[in-house]
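Two complexes come next, and they have one chain in common, chain A, joined by chain B in the first and chain C in the second.
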Partner chain A sequence: MAYVHMKNPKLWVFLAVTLFLLIMPRLGSQYLSYLLLTFLGYAVALLGVNLLFGIAGLLSFGHALFFALGAYTVAFLTTKFGVLHMEAILLIAIVAGVLLGAAIGAVCVRYIKIYFGLLTLAFGMLFYSFLLKFYYFTGGDEGMRVLRPYLLGMDLSAVPKMQFLLGKYYYYALAALAVASFAMWRIVSSPFGLCLMAIRDNPEKANYLGIDVRRYRWYAFIISGGYTAAGGVLLAPVLGQVDPTLTYWTHSGTLVFMILLGGFNTFFGPMLGAFLYIFLQDTVMSLIPYWRFVFGAMLAFIVIVAPGGVAGVIGSLWKKEAARDSARNNADPGSERSA
Partner chain B sequence: MGTDIINILFSGIFYASTLFLVAAGLQVVFGVQRIFNMACGSFYALGAYVGVFFVKTAHAAGLPPALSLIPLIAAGFFLFFIGPIIERGLLRFVYDRDETFQLLLTFAVVLMLEDVIKFIWGTSPQSTSELYLVYGQITWFGAVLPVYNLIVIASSLIIAVLIGYMLARTRFGKIIRATVDNREASEALGINMKVVYAKVFTLGTVLGTMGGALVIPSTAAMTEMGVELIVMAFAVVVIGGLGSMKGAFFGAMVVGILRSIAIATYPEVELLVIYLIVIGVLVFRPEGLFGGSRA
Partner chain C sequence: MTPQGTMPILAASDLRKSYGDFVALDGVSFQVRTGEFLSIIGPNGAGKTTLINVLTGLLRPNTGKVFFKDREITGIGPQRLAKLGIARSFQLVNIFPEFTVDEFLQVAIFSRQGKGTHFFTPRGRDHEVRNQAGDLARLFGLGEKRNIQAKNLPQGDKKLLDVASAFALQPEVILLDEPTSGVSTGDKNKVMEILLSASKKMGIQSIIQVEHDMDLVFSFSDRIIALHQGRILADSTPNEIKRNEEVVCTVLGQKECFQIFSDLFGKKGLADDGRNSQDR
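For the complex of A and B:
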């Protein structure tokens, strides 16, 4: 682990954001805190999606499938099987995500680039048609209800809805996000993560160096499946209702949009993207009904001008500052050097 | 039983005809520019909405209903200007980038066009349903077939033949085939890629809008049209093989007829069956029936 200096601005930003996330439900408006709650679910899901996109270099246009899988698992378990413990639900959903990820991934990782994207889109839509047509099990296009799960064994059904969501549930989800982020950080920093990045940057060379390219991509797919499903689980009680549109290909597009907006090249970029997307969408929607146009234009702008996303822009501005600082220091040997 | 089969085949071929046009547009753009244009469904939707508008305007101006095909075809051609706007305005900035970014840019276009349509026409469906019956029906071996469908099938066949002729005989067609085979060599031989790309994308656009316009009498123009069609068009080009015109034709037939059979027997499995086949094709023969590029 790199030594983190107390003066390191990144640390301060991290602490400020953590503080913000911790106290927001207490101070902010109910509605904004509710939005923040949806952000938590998406943030966990995006950790998984970006493992595949940013780290391994594979763009999936079907990952909403796992998101919906997680959400529907909560609906199924709470309404049809009477399983109410959140921990059990999370476990089952993650296992389902991992298994499905293994099956689908085995097929998809044999292909790259466009074919990978198209194949994942196909699987996503296959799941969509499955959810839609077998309405006897899944409620069809009306979807299914989600009952309130027990958190850490506590039955909180007596608590009024908003109080539950913005109180205990919020901190539960936030803790889940923290745990998930920490785990993903370890994965990305591990030799496995570095191998994925090597595969992303130059698959032939990685292969030549002895890395089993296909197998490692498969592992990345599996992990991302589990994470994205977990994100769906966290979001489901917030929505209260799940329906097939959760896996429609445009929702997968939204997941990718969020990552691109925040920046796929940094660890916290995708989360930043989810945050920006959710709050921007809310703001734009309240101003004009044509938010899709605005967002489409934003996406086009990002792809063309700033593919590194907001994090990328901040990063390059930072580097310019740092370069200017060091140039200033180096150019004038007579001046006092800063500490 | 026999009439059922004829009905199923016929409606399948009808759907395939419009699907073919959109798929052809996708194929030509992918073949030359190697960009999978997700917005082709949006072009289809635009063609449909503008088609309704042109027909209604023409009727109000006194055009006899029987000639309604003319404003529809005009609508398809009229929208050609969208092609250069999107190609010059957006796409050309990402030609040197990774495929995934190009795909994402076309997704951005999908989002934008969705709201453009909503802005101009609102969210309620637009249709010219009275028109459908104007052309009447014919009976063939006991099956009742709308004449309009026959007209559309014939139009698509004509367009398919024209495209085939263009690719084989005209200079532009040869340039397209050369670029598909070997872009660098073509450029080295002096072909102006910028112009070719603009023309090809416009061709793809018009094929899409034409498909949407022609389908109008049999369906209403609705908000979800574009986003739903891309799912089918994508199945067509995968089954037929990315980049191949013949593939667009046969892929469209496969998807159109399968869909028709499914709707007549087990409607629940319509999308399911098509997507299982798409996945099967991508797994066992990723080049599709006629494609040549490797996965």
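For the complex of A and C:
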């Protein structure tokens, strides 16, 4: 048994990635670590977006709304209400994401496919207009400043900015991602997760098995709202400033792009997508000004050639390798017997 | 099946349903009693599937009502119907293609037990549900295939899986829309026997099936309803239906009678049923 575990490549990759994330800020350049910090926020958000897309089969083009909601919550609480404890901010933002998710979701889950997508897009743009127009309240297009939050009750305002972000804050966000991943893993592996996948694959049949399709979709929407808001919270202190482009439809598109790039039908695919997107964007932007052109071509390539994303490609390579392995193992005992 | 009770468990009264000008159901009324195995027969377009869809609440009839026990269930929808205790399988294979046989049956059991909203319990640790799914898979001859994805099963097994998932709900009434279509002729009897023994084991009260294979219909049913152009042409026991052929023919005249019965039972008609079945 132990041998099998040792050979499980997924476990090794998981451990390697965890180790990489743990030591990177200590080893690598500040700049790369800063990009990783961005990744952590998006990773948490994508766990939620992909519960809706990959597991429940509903593609939202407006989830940047929840991301912005989380980020603006940090700005509001820290600058206007003097709430500085990160735990309290996270909790309040998640509650806000859940409540807004419940309200918007109740309308959106009445529709599916393109109608669902367009409706979420509409809500996202509504929120964009709100942030833009209520200048007095939200700072309009200039946005709002984000004050440095307390972590676990510690006031770290004396620490230099990069040292704070790449030190305590990085590990705080990493721990948040670990907790969020674990909770999402449990959700996906629960009976609820199985029901969502049943709905995704065949809603009519799920209905006949007594599953209340619309209600379950609503639950998924609510959970994803909370997760995406939490992702926005984690990113806000990194940005230092929030503005309405966080909820603009292209940002929702970015979330979808990340998921497609990484692969929507694996658990870690969306995270891989966030990682690749952030680092690719950085590289391509520094090389040519037409980075959107390159990304557009990439998106087309993925959809046509590798709809399962990078994780899908890796997965199928693994399967081939495993099949070859098992073929070899099956051949071995046979040759022994014949000998 | 258990000896026939007298209490009606499902009742349809004066169901009418039309699609534009086409009248699919034209005043259909009948009752299904506890313990009954009812077959609905009729030529293509007679309204059989429409009837099943109306009975399971997928379609709302233009007029008429459906009752389950004493409760009106007209058009309440499949999900609430499943919760009340009525399940169905489909004429065309209706599955979750990506699910393994195990997952497929488990999701039905979770739903029945109201565990669908358990958000954080790992489903793999629910031994009760796993065991039930295993028992059910074995009951339907899928015990060796529990880890195979539904889309990779042979056609007949897909059909069985669809039916098995309906059984997993432990309904009181089960409606089977052509349970043996797509099953090879030699296996049809076996499938029917599986269905009967499974319903006995799971305490299913009544079975309503739509079926084209007249050998199966006449050897397994307690009662047969023959539909023709949206109306009930005959509603009785298999033996009486056979006798009824003469009655219908007398009323309608030989030519039309031949047409109807050849529509109903295939080209062969009933009289030479025994001879032809050996050819297959």
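Convention: the second predicted complex is superposed on the first by the 322 of 339 C-alpha atoms of A that agree within 3 Å, B and C clash if a C-alpha of one lies under 4 Å from a C-alpha of the other, contacts with A are read in each partner's own complex, and residues count from 1 in each chain.
Here, contacts are C-beta pairs under 8 Å (C-beta built on N, C-alpha and C of every residue); 3 or more make two chains touch, one makes a residue touch a chain.
Computed from a predicted structure; not experimentally measured.
Annotation: superposed three-chain arrangement on chain A; chain B versus chain C shows no clash, the two fitting side by side.
By the touch criterion stated above, A:326 is placed in contact with neither chain B nor chain C.
In the superposition on chain A, the chain among chain B and chain C reaching more residues of chain A is B.
Chain B and chain C, viewed from the C-alpha centre of chain A in the overlaid structures, lie at an angle of 80 degrees when rounded to the nearest 10. Touch criterion met: A:195 reaches chain C, while chain B stays clear of it.
Once the two complexes are laid over each other on the shared chain, residue contacts for A:283 go to neither chain B nor chain C. Of the two partner chains, neither chain B nor chain C is touched by A:163. Judged by the touch definition given at the top, the superposed model places A:30 against neither chain B nor chain C. By the document's definition of touching, of the two partners only chain C reaches A:205; chain B does not. The superposed arrangement places chain B and chain C with a least CA-CA distance of 16 Å. With the contact threshold set out at the top, not one residue of chain A is in contact with chain B in one structure and with chain C in the other.
Taken together, the chain A residues at the contact with chain C in this complex read 183, 186-187, 189-195, 197-198, 201-202, 204-213, 216, 219, 223.
Those residues of chain B whose C-beta lies close enough to touch chain A in the complex are 36, 90, 93-94, 97-101, 103-105, 107-116, 118-119, 227, 231, 234-235, 238, 242, 268-272, 275-276, 278-279, 282-283, 286, 295. Residues of chain A that touch chain B in their complex: 59, 61, 107, 110-115, 117-119, 121-123, 125-126, 128-130, 132-134, 249-250, 253, 256-257, 260, 289-293, 295-300, 303-304, 307. Across the interface of their complex, chain A is touched by residues 56, 77-79, 82-83, 87-88, 90, 94-99, 103, 106-108, 110-112, 115-124, 126, 129, 162, 165-166, 168-169 of chain C.
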